[in-house]
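Order of writing sets the labels: A, B, C, D and E. Residues in every chain begin at 1.
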Amino acid sequence: MRMEKARTKHKIGMPPGSLVYTGRSRSDRPVITLFEYGPEGYSERKMADIGECAREAKADGVRWINIDGLNDTSLLERIGREFGIHPLVIEDVLNTSQRPKTEHHESHIFIVLRMIYPSKDGGEVESEQVSIILGEGYILSFQERRGDVFDPIRDRIRTGKGRVRSLGSDYLAYCLMDSIVDSYFLVIENLGEKVESIEDEVIERPERGTVQAIHELKRQLITMRRSTWPLRESVSSLYRESSGMVKDETKLYFRDLYDHTIQVIDSIESHRDITSSMLDIYLSSVSNRMNEVMKVLTIIATIFIPLTFIAGIYGMNFDPDYSPFNMPELRWYFGYPLALTLMAAIPLVMLIYFRKRKWI
Amino acid sequence: MRMEKARTKHKIGMPPGSLVYTGRSRSDRPVITLFEYGPEGYSERKMADIGECAREAKADGVRWINIDGLNDTSLLERIGREFGIHPLVIEDVLNTSQRPKTEHHESHIFIVLRMIYPSKDGGEVESEQVSIILGEGYILSFQERRGDVFDPIRDRIRTGKGRVRSLGSDYLAYCLMDSIVDSYFLVIENLGEKVESIEDEVIERPERGTVQAIHELKRQLITMRRSTWPLRESVSSLYRESSGMVKDETKLYFRDLYDHTIQVIDSIESHRDITSSMLDIYLSSVSNRMNEVMKVLTIIATIFIPLTFIAGIYGMNFDPDYSPFNMPELRWYFGYPLALTLMAAIPLVMLIYFRKRKWI
Amino acid sequence: MRMEKARTKHKIGMPPGSLVYTGRSRSDRPVITLFEYGPEGYSERKMADIGECAREAKADGVRWINIDGLNDTSLLERIGREFGIHPLVIEDVLNTSQRPKTEHHESHIFIVLRMIYPSKDGGEVESEQVSIILGEGYILSFQERRGDVFDPIRDRIRTGKGRVRSLGSDYLAYCLMDSIVDSYFLVIENLGEKVESIEDEVIERPERGTVQAIHELKRQLITMRRSTWPLRESVSSLYRESSGMVKDETKLYFRDLYDHTIQVIDSIESHRDITSSMLDIYLSSVSNRMNEVMKVLTIIATIFIPLTFIAGIYGMNFDPDYSPFNMPELRWYFGYPLALTLMAAIPLVMLIYFRKRKWI
Amino acid sequence: MRMEKARTKHKIGMPPGSLVYTGRSRSDRPVITLFEYGPEGYSERKMADIGECAREAKADGVRWINIDGLNDTSLLERIGREFGIHPLVIEDVLNTSQRPKTEHHESHIFIVLRMIYPSKDGGEVESEQVSIILGEGYILSFQERRGDVFDPIRDRIRTGKGRVRSLGSDYLAYCLMDSIVDSYFLVIENLGEKVESIEDEVIERPERGTVQAIHELKRQLITMRRSTWPLRESVSSLYRESSGMVKDETKLYFRDLYDHTIQVIDSIESHRDITSSMLDIYLSSVSNRMNEVMKVLTIIATIFIPLTFIAGIYGMNFDPDYSPFNMPELRWYFGYPLALTLMAAIPLVMLIYFRKRKWI
Amino acid sequence: MRMEKARTKHKIGMPPGSLVYTGRSRSDRPVITLFEYGPEGYSERKMADIGECAREAKADGVRWINIDGLNDTSLLERIGREFGIHPLVIEDVLNTSQRPKTEHHESHIFIVLRMIYPSKDGGEVESEQVSIILGEGYILSFQERRGDVFDPIRDRIRTGKGRVRSLGSDYLAYCLMDSIVDSYFLVIENLGEKVESIEDEVIERPERGTVQAIHELKRQLITMRRSTWPLRESVSSLYRESSGMVKDETKLYFRDLYDHTIQVIDSIESHRDITSSMLDIYLSSVSNRMNEVMKVLTIIATIFIPLTFIAGIYGMNFDPDYSPFNMPELRWYFGYPLALTLMAAIPLVMLIYFRKRKWI
């Protein structure tokens, strides 16, 4: 979730279009999968190199080339050359700290999104850049790591369920983006549950850790926001575009996707509002608790301090033998009972006073 | 009020347009009511299936088909086919966590609203999605549960009161939307009373529960906001639309509805401002109370601690028999009275000091 | 100041255009005043019914019909019919919780404003809806109560002072609106004085009531804001309108009015900023005071607690007769003076320590 | 700095265009200065009345008529008549609580600015309205008081330095506005120094007065904001205007002025951000200090209270003669040393505990 | 980082276009470097005066004239004259407190940026103004100090790496701006690390200095914001410009640069959000700590104060010889053990009470 760290020192001063992969998953070899489908059927292949894809004749159907793993920059360079993609676009595919965006080029549309999923150890949400290049009759999709988020779409292509096989590459682009936005709902649902559980905690038993949990939540919402706000513009530019790359029929779907994106943003903003409010409750609850502690101390102290003083008086050693004024009460017949009575009276008066002040 | 929970896991990866009902009211069988009316008269029927509606010839009047209960997805699919409605629209009708919106399709306008009403147990406000499809000569309205919010409109159609029977389906759409926005005023009135009662509480006798009440209020206002802000755009798109589906005469009514929506939003924003301010008062009131408690403790302690010390002095056992310096005052004739006088003087000095400092 | 309460339950479900007066001043009978004037002269009449006005031939001059009191809905219905005003407009005149707005109709412009004046008992500001219908050659103005805010304009018409008699009904509309906006300055001036007095209070002698005064101020500013922000748009739509109802010459005046409105809004925003800042000062001042109280307690307690302990030591009853180790100092020749010296030394050390820490 | 006070009661109800001076400098008689210049030379005159100016033939050069002091309303009325200026403009010149604005009239442009300068006694900033009327070949400038802010421009005209004599009246208007905006930098510099000194104070030795200083700063920044934000729009309307009153060559200068205005606004916003942050530091510093005081009290109290209790035990008077259980330790050989040892052990344990908790 | 200080008193009142250098690096003599390059080769020269540059014939290639050091105003005046640059532009080059901006002039585009780098002593970030004038076939770049930020570009020209030698002056302008924006990432990375380290500090061991560190961070983010927000508009005006000065091919690069700028702004805003949240954590952590201290005090005090009182009772000197009521328990056989038992019971009761309240 540290996007700002990706673009590091070794890139500064390099000529633009220099292909340097800035992500973290460096070990995996890239895996290329080619799906070719049309209304009549489909074929599916794992491939060694991109060259084979480009060599194939342009079918009537759709070719979907998915690349998992970005650490082979020369492969990406070749892809760029074969499909006529500008080096700056390839640079953006490699530079995995992009904001979501949609760029309309002459022969293709370049879409960057961020996939968000809760990390396995239950901690922070993690994000990964997914790049999609939508061309006439083909889709290139790039992921940093092998994920399974696109598996349901693969299944749909295989089984021919839904309309995916009868529509073009623009519809496939929509499907890919929709499955990513769908995954946001999962993360938001998780966050929503966290918000509620922290809310209960903050109201019923606020602890030291609560404020850190709230802060953690805030951070995650900030990250979510960063990934989703630009997405809105990115999607809306797809359903409003006029180059003909996206067909009118598919635009309806992009508008639907836009609605989902707005819904995601809406939820994030609501969670932010509630989270801000929670910190106020936490602080007021800490203050209240302090108040309560202080009250107990004050009640105990104000009751016993005067009593102790009276006991102190009669513990003085003025000598009654030397003067009739020197503590004659020490030798009175009812001296001690009177002193005890006085001592009993003081807390009574105090308690009545406290009750009147509504402290106890 | 947990909109974000509706779109759940089982939907992810499904092809778009998959009809899955995401709401909670699963038990009721859908109820279809058909109203057919025109300037001359009206007919009203409960129906078993939608097929009958569609089979009827297009009358000169207006057909209003109201569906209560959304758990029969196949029924909705049939409705969609019969009336030529895009599967994505039917999907949105079923997916009951939509934001309010207005979509202009070729043969109809699709409107999503949220009805808000205070829950019966006096707790949170609840919301329910109402979808309206406005076509030439017909209205389809979808509710999750059987409600009575549309009953006054039914009465007006039955009795022919007002202009509803002499105007078209666009005016009926306005009536439905107006009755929903009207219900917002009720909820806002309730909230307004709550705001005032909490305001009084916060000023006169703030308690631990007050801050939770404020938080609860904030949450409800956040939910209200989420339902009403997009409504504004949705209504304004109706009175500015140019396809002819909404007649010029009816646009006046939609502008009026727009004014009401703005009024609702305005009230919500005012309540939000006041609610934010209330938390500040609460905190300052807690601080003030703490201050008061501290002052009592300080006054009692600073008066009695020196006194107790003096009593402690004369409680020491230095033996006057061994030295003339060893506490000769214990044997003075006026020793004890002098000690008491000293003890009486100290609180006087203290009280004068406190008064000068304006503490008491 | 409870705008949100006006539109109540009994209206929900009624057909739009139903005329129900929602304000509070129900007892007064409406009073109709007709002013007819032109460059040559003027006539002034109190009238029993509106019919008379409408029956009169259209003079070359301007007719100003002012209605004080809105509880006779049938009268307003008749006015609507006679002047060809849409029932929705008449409904808005009666519904006295409108936001300020300007509606451009075919034959007239409908303007809603809110008059604001300090309530007589010095408490909250009060607001009242004033509706103005500007038609070709006539002005209809509606007030809830008989007020005197328009008296100076009446005087100007009577005496022919200024340009009012030589200009048309649009200029009269401007005069009415200007006199209402002028009254805002009065209220703002009052608020400004309150802001300053609370500011002084908060800095010099903050009390419990101060925070409530700040809250009260905030509420009033929120109300003011609600009345003035929409006014801005309303006035600007008048000086930018192009139907010819407002003459170019008069537009200059409306622009001037617009400037005044902006000035009012500006002042309100400044007051809001300062009011927000005041609460911070209040809180910091409460904290400071607490700090001071705590310091006194701490100084007294830390000085006397060790002293009392020493006195306690020598108040122990270990018997020097049984052992040479048992408190031999009790029988030393300089025992008591030494103890007193020790006791005098401790506060000195403490005070030096406190001074070093800058506490006293 | 109390703009809101200017438009007072005696103006309400007056016909618009009524000339009433609302400023404070009432004693000075207005001073009229006429500068006439062109590329070849210049003449400079103090004048008794405006009539003389208007009578002069229109030269090829520029006439700059500067009026210091606004309390002679009849003079201003005459100026308005002679130069064909609308009474509303003259009213705005006199009403010295205008927001900065630019009004484009047919024969002239009317510009209102506020000059800001630190008051002589080092307290609040003060502001004064300067009005400029830019016509073909002439400039009218109005100041409330005789100031010296325009002196450098006068010098430039006299000496012919710079391009002022070779360019038209629009360039002179620019010079006047530029000198006013320049004076803002001075005030901002002062404020910047204040910000820094309060920042140091708040971090190193926050006092009671600090929070008032911060509040004072905030107030001044609010006033500055009010004078500068509208200025931005006002200046930008000059460099974008298309009537030909401002020549293309001069527009470059106005764009430069616009940049300066943005710079001023930028600085104000930065100062506001920093000032807000300072209050947070102040509050946290007050809290910290309280914490420290509390710690000392707690340490002293928790060490000595148990000790005093032990001393109290052995100060009890149970009589060892009556029972072997009655305080036999009072007669032990090492009773007193043992008690002292116990008393020495307790603070040691306490101090270790406090150290472990990182309190000391 | 004190931009507001640059435009100082001695400039006020000067004619516009007066060339005064307002920066701080006054000692260095300006260094002029001329790079001349084209697809075929390049030449590089240090020059004494600008005259030589202008005298050279317009080659087919690109001339890049870099000026380090701005304190020779007459040199800049000559440059302005030679290249036909408006004096106001030269003034802006010298006035080193400009906001980033792009000005489109007839024969050239004037770009102002701010370079940001962490100061050498690890303290605040520092900023320096860099001005670029992009003309047909030439670039003028002005720096306050000799820096090495452009060195990689020089290397690329020398070695012919990348496309720099085959593209025009607009591409060179892009390279210069890109290298500056790249340097922002460095500073943001530093800030990001600081944010994280303060975050850890605030959660684990908040100290007095923490709040100052947060404030320092805020200040730096405010400065960063001021430099980057206007940059966004400045860059976007370059890729949207239509004069032909920037070729279509290069616009792609400027769009890429725009994306980077947005990314920088995004990071700054995220850091701001997190920084704001951190202060809340700090304050709540201070409150928590206070609470803890108070609890210890309260527990110790409430346990021992009653005990001390009981010890005080039996330290009274009522004389049992004078009355059977006078403290007979002092002579009971089990008097002392009973008293000790009572004293042991009280803390037990207290501890059970505290445990029930969840205090310990």
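Methods note: a residue touches a chain if its C-beta (ideal position, glycine included) is under 8 Å from a C-beta of that chain, and two chains touch if they have at least 3 such contacts.
Keep in mind the model is a prediction, meaning the values are calculated, not measured.
> Give me the fewest steps it takes to get from chain C to chain E if each step has to go to a chain it touches.
Between chain C and chain E, the shortest chain-hopping route counts 2.
> Tell me which chains count as touching both chain D and chain E.
none
> Can you work out the whole-Å distance between the CA centroids of chain B and chain E?
40
> Using the average of all C-alpha atoms in each chain as its centre, how far is it in Å between chain A and chain B?
Each chain reduced to its C-alpha mean, chain A and chain B end up 25 Å apart.
> Tell me, which residues of chain C touch at least two other chains?
283, 287, 290, 294, 297, 301, 305, 308, 312, 315-317, 327, in rising order.
> Show me the residue ranges of chain C that touch chain D in the complex, using the header's touch definition.
151-153, 155-156, 161-164, 174-175, 178-179, 182-183, 185-186, 188-189, 192, 203, 252-253, 255-256, 259-260, 262-263, 266-267, 270, 273-274, 277-278, 280-281, 283-285, 287-288, 290-291, 294-295, 297-298, 301-302, 305-306, 308-309, 312-313, 315-319, 322-323, 325-327, 359
> Residues of chain D touching chain C in their complex?
2-5, 7-9, 11-18, 86, 88, 91-92, 97-99, 101, 103, 208, 211-212, 215, 218-219, 222-223, 226, 279, 282-283, 286-287, 289-290, 293-294, 296-297, 300-301, 304-305, 307-308, 311-312, 314-317, 320, 327, 329-337, 339, 343
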